[in-house]
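Here the structure is laid out as structure tokens; the discussion comes afterwards.
When the chains are written out, they are named A, B, C and D in that same order, and each has its own residue count from 1.
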Amino acid sequence: MNSPEIQFKNVNMAYKGKSGEDIVALDNVSFDIQEGEFISLLGPSGCGKTTSLRIIGDLLQPTSGEVLVRGLSPREIRLQRKYGIVFQSPVLYDWRTVRRNICLPMEIMKFSKKERTARIDKMLELVGLQDFGQKYPYELSGGMQQRVGIARALALDPEILLMDEPFSALDEFTREKLNEDLLNIWSQTKKTVIFVTHNIPEAVFLSDRVVVLSPHPGRVSAIVDINLPRPRENSVRETSEFYDYIVKIRGSFEGV
Amino acid sequence: MKEKMLNIIWPLGFGIAILLLWQVGFLHMIFGLKPYQLPVPTAIAITLSNNLGKALTDCVVTISGALIGMAFGSLIGFMIAAIATFFPKWGYGGMIVVSAFNAIPLVALSSIMNLWFSTGMSQKIGVVTVVCMAAMSMNAYKGLNSLKPFSVDLMHTVAASEWTIFTKLRLPNCLPNVFTALKINIATAIMAAMISEYFASSTSGLGFAIKDSLRKGEMAMGWSYIVVASLAGVILYGIIILVERNAIKWHASQK
Amino acid sequence: MKSVKKLVSIVLIIGLVTMLGAGCSSGTTKKESSSTGGLQKVTLQLKWLPQSQFMGYYVAKEKGYYEAEGIDLEILPGGSDIIPEQQVSNGVADIGVTWLSSLMKYQSQGWDLIDTAQIFQKSGMLLVSKASTGIVTPADLRGKKVSSWFGGNEYEIYALLEANGLNKDKDLTMVQQDYTMNQLINNDVDAASAMTYNEYGLLLESGLKESDLNKIDMNDAGVAMMEDCLFVSKDWIADNEDLYVRFLRASIKGWADACADPTAAGKTVYNVDQSVSLDHQIYMANEVKKLVEPAGFDAAKIGYIDMNAVQQTADLSLKYGLLTQKADLSTATVNPKYWEEATK
Amino acid sequence: MSVERNDRIFVGIVWGIVIIGLWEVIAFLLQNVFQDPMAATKLPYLHVIIATFIQNAGALLGAGLVTFSRAAAGFLVGGIIGIILAVIMSLSKTVERIGLPYLIISQMIPILALAPIIFNIVKDMDSARIIIAAYITFFPVAINMLSGLKAVERDQKDLLYSVAASQVEIYYKLMFPFSMPYLFTGLKIAAPLAITASILVDMLGSSSGIGVKILYALYSNSSNIFWAAVLTSALMGISGYYLVVLGEKVLLPWNKTSSKKGGDNV
């Protein structure tokens, strides 16, 4: 086994609440992520899964402990522009059309104009929004907006993709469709994906491994390898193995 | 707590620094001013303390006129917004008319009110009432109508009347906007009350005192009244912010 | 539709920018003119709006008297918030027109300003009331409502009251007057301040007859204070003595011409500014003439400083609280030498 | 859409007629029922004012243009100062702490007290007038722009942060466009203010401008001209406001709220 791509070592995260009390978001959390792995951080709200993701992305600094990405700090990796990020809400810029929203990070990263156009075209096709490139965000439905957010992150072809409950606001049909699409895209690129969710079937369906976190304070309660065959299609959801994993993970919650 | 202290310490420190530079003549030096053109803070303070009684009486006259006018103006503005909410098709025209009032210059307005009212106080209240209507009606209308999605539907599912929707949903929803309007209005009201006093047929009030002193070249006296006016304005602004904090704790702007 | 909107906006923006340019350039062109033709630029700050009260300067300017003396004169109009003493002290204007009592107030507070010529030899201030109120003598003001413009214009009235045994705070009510005569017409006040040459005329023009009005003249009551005078700042005159003498020479000539033919002078002012009717400008010119050249006054002595009148103004100012200490009447504050030079 | 538009025009016309009618009735009552001797000054008939306006249209509009151009200059300068102040305050919490209370105090100082000091610093009257107009306009712009800059969502910032955008890029690509609707709210308040400020400034010894017309008409008892000039200035204030609204519609086509005027209240 290679040295892990991301190491989360004894990380603690605490902050002051409104009335000055200490709130422990992460309590001595450790896990590793391998290169090219699709990993899910799963747990109920308040378990620190989004906090962990943000620490990896250098959007938050831990109170103590160490996080290494490829042997470097998250900050160095961020400055090397290796991350792509998808938020829970679409986080689109109202004043930019769909195309220019996807374009935005590439502008910052100084991609050539030709390259940008090519990638936008490709991404729009990938997320099925070919006809919506010139629309403004307010003209799109919630699901379409979210797909733009994903397209924007993927367009960078990032080496590490951070996804913070990207499908949580979508209906079940769209969610399953996008799950499948995401796996398709990932199978073509094989990037490292860290995927935050509170949906157990989603985590099982997508991941190589699931890191189960428990709340108050945030702790790792289990790490479950998902050995379902790839490529996975929606039919895998009907298998008994799939069902077993769900039961197992659910059990790890009850054990807390 | 530390935040709160900083919020006071920084501006206070800055103010003291400026006052010191002003006192030792640094401001006069860079702007080429003579002390008789811009009196130093101690001169202003001494003048103020010698004249405190009259300054406070004038302050009460101006501020009470400003507050009464602001109350009338805000009330009228709010009622117009409420009418525009109940009768959207016809009521909105009233809002446009009110905002047109805002475009009448204060000097002209003061003179018109001088004709309509014979005492200084009623003229002042008239002027302030007119200038306070627009900001309130615009803001209140926005608050009464920018409701969260589905909140009206929720009310309809329990067959609430328009009046219930107004009191239970629209009214609380517009509170933050009402406070925004009040914060705008308090500054406008004091300003308008002072300008109206430039022309009023009375000899009391901060506006008259400022104008009278400055015209006679009694700069220290004039500035001592300006200090009183500024303090009164800041105190009233602070009071509104305090009330706002307690009245709309639930709102995002207070976090 | 969209492109039309864009077009409209572009046109609007261009329009705004050009207007902006016009706004700025109107400021700069004035500057440029200061260096043209070898004339020395001088600015005169009036106490009030452009009107026949200042006809002498307008006549002199129109007839080219200033140019003949090598001066390019710019006349700055006054307004409710323009204070000539401050404008001259600030250096916005070189020369100012103000009331002597007001100037004394500034001088007493340390402003380095010098009175150099007295254009009005008499006070033009009246207290006017409707005949129906029965105010004939100052003593009749007891218990009445009297208005003044304040800001330094109230001291002649104070003097009038005290001289007639009335206490300004207890025996009557004094209120501010808003530069119109509406309060009097509307019966909101019983007696109002009026200048012979301006507000009194407005009352007549509003339809009231002389017989409807009573007036108390400050000159008759013996409480006249001196009004329109010319003053400069100490710093400016130190460098521009010759220039100022030339300015005075041209101005006096202008005033003499204006007083000789007030109707023409009124027309000259009207041509500069049409906001007030021609009739009113001519009425004003005729009344102003009576103050500049009172009966028996030698027209050659326009601008003469009568030290007795100055002394009376100073004494009244002190007595009724405009001044807090005795006025210094040395050449540092009142200096007739420029006028003497100009009329030699 | 067009039906709704026609509807709105119809409502506007009815309002217009009602206001004109009301004005004329009150003027009639004052003059003939209450027999007020000052009726013609207190509230002249609207048609008389309009007739006066038409008779003096050249002079009034010319004066209006002078005032308007000065207001535009003051509006521009004040707007830029307001934006700069807001940006500086958004960059540093300390500056914001110091600045805000003094911004409020600054609005309490009357022009009458400031004008001589500004004249003293800037000897040129024309630029001093523009500075004074700017002084009155910058406040709402600064306050609204600041609240816009502070309302940017954390995720929107994080997105740029995650690709290591520079501070300049964050302002340029996110903060500025985001706060545009807020800026326009401030500009909408500031536009009529700039006009009234410019009128106030006219009275500081200017020889042209609508403020001078108002002042002269007031002092020379020409009440019809006075009212016509007031009407002109009110129209100028309203057109200033609608110019900003138009600018917002054209420049911010993505901003739904800007088109959400009129009667649609859901």
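Here, a contact is a pair of C-beta atoms (placed from the backbone, for glycine too) under 8 Å apart; a residue touches a chain by one contact, two chains touch by 3 or more.
Values in this document were obtained by computation on a predicted structure and should not be read as measured data.
Asker: Under the touch criterion given at the top, what is the topological distance in steps from subunit A to subunit C?
Answerer: Graph distance in the chain contact network comes out at 2.
Asker: Going by the contact rule set out at the top, which chains touch both subunit C and subunit D?
Answerer: Expected: B.
Asker: Please work out which of B-D and B-C is bridged by more C-beta pairs in contact, and write that pair.
Answerer: Higher C-beta contact count between the two pairs: B-D.
Asker: Can you tell me which chain lies farthest from subunit D, using the average of the Cα atoms as each chain's centre?
Answerer: Most distant chain from subunit D: A.
Asker: Take the average of all CA coordinates in subunit B, do the same for subunit D, and state the distance between these two points in whole angstrom.
Answerer: Chain centroid spacing, subunit B to subunit D, equals 17 Å.
Asker: Rounded to the nearest whole Å, what is the centre-to-centre distance of subunit B and subunit C, using the mean of the C-alpha atoms as each centre?
Answerer: Chain centres of subunit B and subunit C, defined by C-alpha means, are spaced 36 Å apart.
Asker: CA centre of subunit A versus CA centre of subunit D: separation in Å?
Answerer: 48
Asker: I need the residues of subunit C touching at least two other chains; which ones are they?
Answerer: Counting only residues that touch two or more other chains, subunit C contributes 80, 83, 86, 90, 179-180, 182, 186.
Asker: Give the residues of subunit A touching no fewer than two other chains, as numbers and ranges.
Answerer: Residues: none.
Asker: Which subunit B residues touch at least two other chains?
Answerer: 37, 111, 115, 198, 211, 214
Asker: Tell me, which pairs of chains are in touch?
Answerer: A-D, B-C, B-D, C-D
Asker: Which of the residues in subunit B come into contact with subunit D in the complex?
Answerer: 6-7, 10-11, 14-15, 31-33, 37-38, 85, 88-90, 92-94, 96-97, 99-100, 102-108, 111-112, 115-116, 135, 145, 152, 184, 187, 190-191, 194-195, 198, 207, 210-211, 214, 222-223, 226, 229-230, 233-234, 237
Asker: What does subunit C use to touch subunit B in their complex?
Answerer: That would be residues 80, 83, 85-86, 89-90, 102, 105-106, 109-111, 147, 150-152, 174-180, 182-183, 186, 188-189, 322 of subunit C.
Asker: Within their complex, state which residues of subunit D touch subunit A.
Answerer: 153, 155-156, 158-165, 169, 173-174, 177-178, 180, 252-256
Asker: Per the contact definition, I'd like the list of subunit B residues that touch subunit C in the complex.
Answerer: Counting only subunit B, the residues touching subunit C are 34-37, 110-111, 114-115, 118, 120, 198-203, 208, 211-212, 214-219.
Asker: How about subunit C: which of its residues touch subunit D in the complex?
Answerer: Of all residues in subunit C, those touching subunit D are 2, 5-6, 8-9, 12, 16, 19-20, 22-24, 26-27, 30-31, 45, 49-50, 76-83, 86-87, 90-92, 179-182, 185-186, 202, 205-206, 273-277, 280.
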